[in-house]
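See the structures that follow.
Note that subunit A is present in both complexes that follow, paired respectively with subunit B and with subunit C.
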Partner chain A sequence: MKKKILIIEDNPMIVKSLEFKLTKDGYQVVVAQDGRKALKILETDAFQLVITDLMLPFINGIELIEHIKNNIPELPVIVLSTSKQEEIIMDAFKMGVNDFITKPFSPNELSLRVKRTIENN
Partner chain B sequence: MNSLEHIVNDWPWILKLNALFIVLFLVFIIMVICSLVYLRIYKNQRERHKISYQENADEFLNNYMFNDDFDIKNEIETFKSKHLNTPLKKKITLRQILIYNENFKGESSVLIKKVFQELELDQFVFNILKKGSWYAKARAIYVLSELLVKEPRLVSPYLNAKHEEVREQAIYYFLKTATNNPLSFFKNLKTELTLWELVYIEDSIKYAYTGETPDFSIWLDHHLITIRIFSIKMIQQFNQFENIPKIIPFLYHENPHVRKETIRALYKLHYEALLEKVIPSFKDEEEVVKSEIIKAIQALGRIDQLKELKSLISNQDKRTELTYLQVEKNFMIN
Partner chain C sequence: MSKQLHILLITSNQSDIDRLSVLCVNYDWIIESSKNSFQAIQKIKDTPSYNFLIIDHEVGPLTSIQLLDYLSMELNLNMPAVLITEKEVHGDLNNEEPFFIINKPITEKDIMNIVSFVNESSENLKKGAKPYSLNYLKQLSDNNTAFILESLQIFKDSVYTKLNELKQAVKNLEFKTAREIAHNIKPSFEMLENDHCRVLCDKICYQAKDEEISALAEKLNQEYLNIIDELKKEFPKLN
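== the complex of A and B ==
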């Protein structure tokens, strides 16, 4: 059975590319454009990985990660963000994020990190 | 028919004129409404087309970057003939390429630059650069900068363009595409740089350019005063102490702004012999230079050297007087 990945990202171009790349890699990809939709999807469906931006409409990435770590602690999370501030990156790791990738990013590198994170979990 | 006859025959001329205007007005209103409806429909249709062109471009670009089974050679030819046959389609594909280029790095970024050339969109951009309006040219240069297309000979003439926006994009192009010597475009400049252009170049050198720091002293003999001043300032900001002997002669330059910048650079570089060179000429200096000499004393000198200058400041020279008082206060505090 295909491993399921939830992508939470509001940039349609990034969504399209990630969806394309990860589907080619053999994953089943579900997309949510904002934090609120992501929470709804997470309530009804099980995933092997979440890839999320930090700047999201309605519920921001940090709140979303907090929710995931409180309710589904075993679910690994990769952050994909434009933020290069050390503080934000440190905070994300303290919250239990598994990886942090800054934009602009290399889709091939992201694909490898996705594979490694899923395998490690 | 009868009523129309009745109007034509029996109505007074003023009523006939009124009726005519009413009819004309109604026709005009109907035409305006029809035009608005037509424009709305046209715009909606155009938007739908744009979305469909964008989706085609996205699908092609994603396959090009991530699909190992993609028959690149044939697909490129098909895409060119089917989806790049109008300027609008080319512009939309170009916009998508720029968005991907902005968001991706590594192998994907290299591929996106490659596909731009394989789709011959570079030729499309070159044509805009040759024949387009000034704002289209500015955008075309921006595209070449972002996609790192090395065609400096094509862009170089725009360094002296009439429109500031085009000039700025041309400057950005040379700074963005440089791997070393990012200021080489200075040799092609014919007009003085504006303050904004200077700030822009300075910022780009500090924060965007990643190559080796250039030796700014090579531009000290440039025919444009703004570039000489910029070079002196950069020598100081990048702590190029080895260039101190090269900027000392500019203490005696005919332009007061060059002298002022030289004094500032030298005291910030802690050139100890500066004061003995500039204090003797204080009396005859311009206001703008006098203030800088006083600041140099604050950085390198003593309060007695400052007090010697007090009698040499004219009552009308409020700027120098204010600087003097500020520096004197700082000496007292310290």
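== the complex of A and C ==
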């Protein structure tokens, strides 16, 4: 059975690229464009990994991570960041995120980090 | 109005950086700086779209000439360069190279001369250069044409929408929103390897004062339109 990844990202080009690459790598991908939709999806569906942006509409990435870590602590989280977001990435790590990837991501780096994070959990 | 130029200033001397920033305030220049030549090489590798370099002749660890040699020999980059120096420079500079030498302190007149020099020397280098590259999308998709075309369509539509939102945010004086929009669309430009737009987005997000955002947003919009014009030439099917 394919491992399932929830992508929470509101830039359509990044979403398209992540979907393409992760599907190619053999994962099942579900996309939420904002934090509110992501929470709804997480209530009803189980995932092996969440990949989330930090600046999201309605509920920001940090709030979303807090919710995940409080309610589904076993679910690993990879943060998508842009350069110049060092402080907010540090905040995310303090909350227990597993890894981060800088946008636009390197395809091979994405594959490796996703594989490693899922395997380690 | 002068055209926008993206410049890397390589000097360890903070007063040179401050002076240039003041002098070129009326020019449409984006200036980044590196404290030494190694840091500069890394920046140029990361951002190969600088229009020209301004190098302190006394910079280290590689001297200005060694740095330009390295760029030319190892990275195949022959960038126009302005050398700033406190003393006469002899011998080791080849007049055939795209150098321009000015003595410190840099003056207003020097800036005008730099503009002429760069316009002349970069004209040939820039001919035929596109405001986008598909290398990233090709690498990501193993050259999947359908994916590339779909991504370009998404770029065209989504960035258009966001730029309209940006205009509206500026009009409504909602500068926090404007900054968030620039942050959101920055990766889209990065995926097409347009460094000019990356820098504009960064400026809007992190550096610009509220009153500067309107002009930067307009530049971003112009560059977007330029990218779309060029994309349509290569991909007439783009809607």
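Throughout what follows, the second predicted complex is superposed on the first by the 119 of 121 C-alpha atoms of A that agree within 3 Å, B and C clash if a C-alpha of one lies under 4 Å from a C-alpha of the other, contacts with A are read in each partner's own complex, and residues count from 1 in each chain.
Convention: a contact is a pair of C-beta atoms (placed from the backbone, for glycine too) under 8 Å apart; a residue touches a chain by one contact, two chains touch by 3 or more.
Keep in mind that what you see is a predicted model, and the values were worked out from it rather than measured.
Asks: With subunit A superposed, do subunit B and subunit C clash or fit?
Replies: On the shared subunit A, the partners clash.
Asks: Would you check which partner chain A:S17 touches, where first means subunit B only, second means subunit C only, and both and neither mean what they say?
Replies: Both: A:S17 reaches subunit B and subunit C.
Asks: Which partner does A:E109 contact after superposing on A: first (subunit B), second (subunit C), both, neither?
Replies: Touch status of A:E109: first partner only.
Asks: Is A:M55 contacted by the first partner subunit B, the second partner subunit C, both or neither?
Replies: second
Asks: By the touch definition above, which subunit A residues appear in both interfaces, subunit B in one complex and subunit C in the other?
Replies: Looking at subunit A, the two contact sets intersect at 11, 13-14, 16-17, 20-21, 103-104, 107.
Asks: Okay, in this complex, where on subunit A does subunit B touch?
Replies: Residues 11, 13-14, 16-17, 20-21, 24, 103-109.
Asks: If we count contacts the way the header does, which residues on subunit C are in touch with subunit A in the complex?
Replies: Touch residues, subunit C against subunit A: 136-137, 139-141, 144, 147, 150-151, 154-155, 157-158, 180, 183-188, 190-191, 202, 205-206.
Asks: Taking the complex as given, what residues does subunit A use to touch subunit C?
Replies: It is residues 10-14, 16-17, 20-21, 55, 82, 84, 103-104, 107 of subunit A that touch subunit C.
Asks: Going by the contact rule at the top, pick out the subunit B residues touching subunit A in the complex.
Replies: Within the complex, subunit B touches subunit A at residues 58, 62-63, 65-67, 96, 99-100, 102-109.
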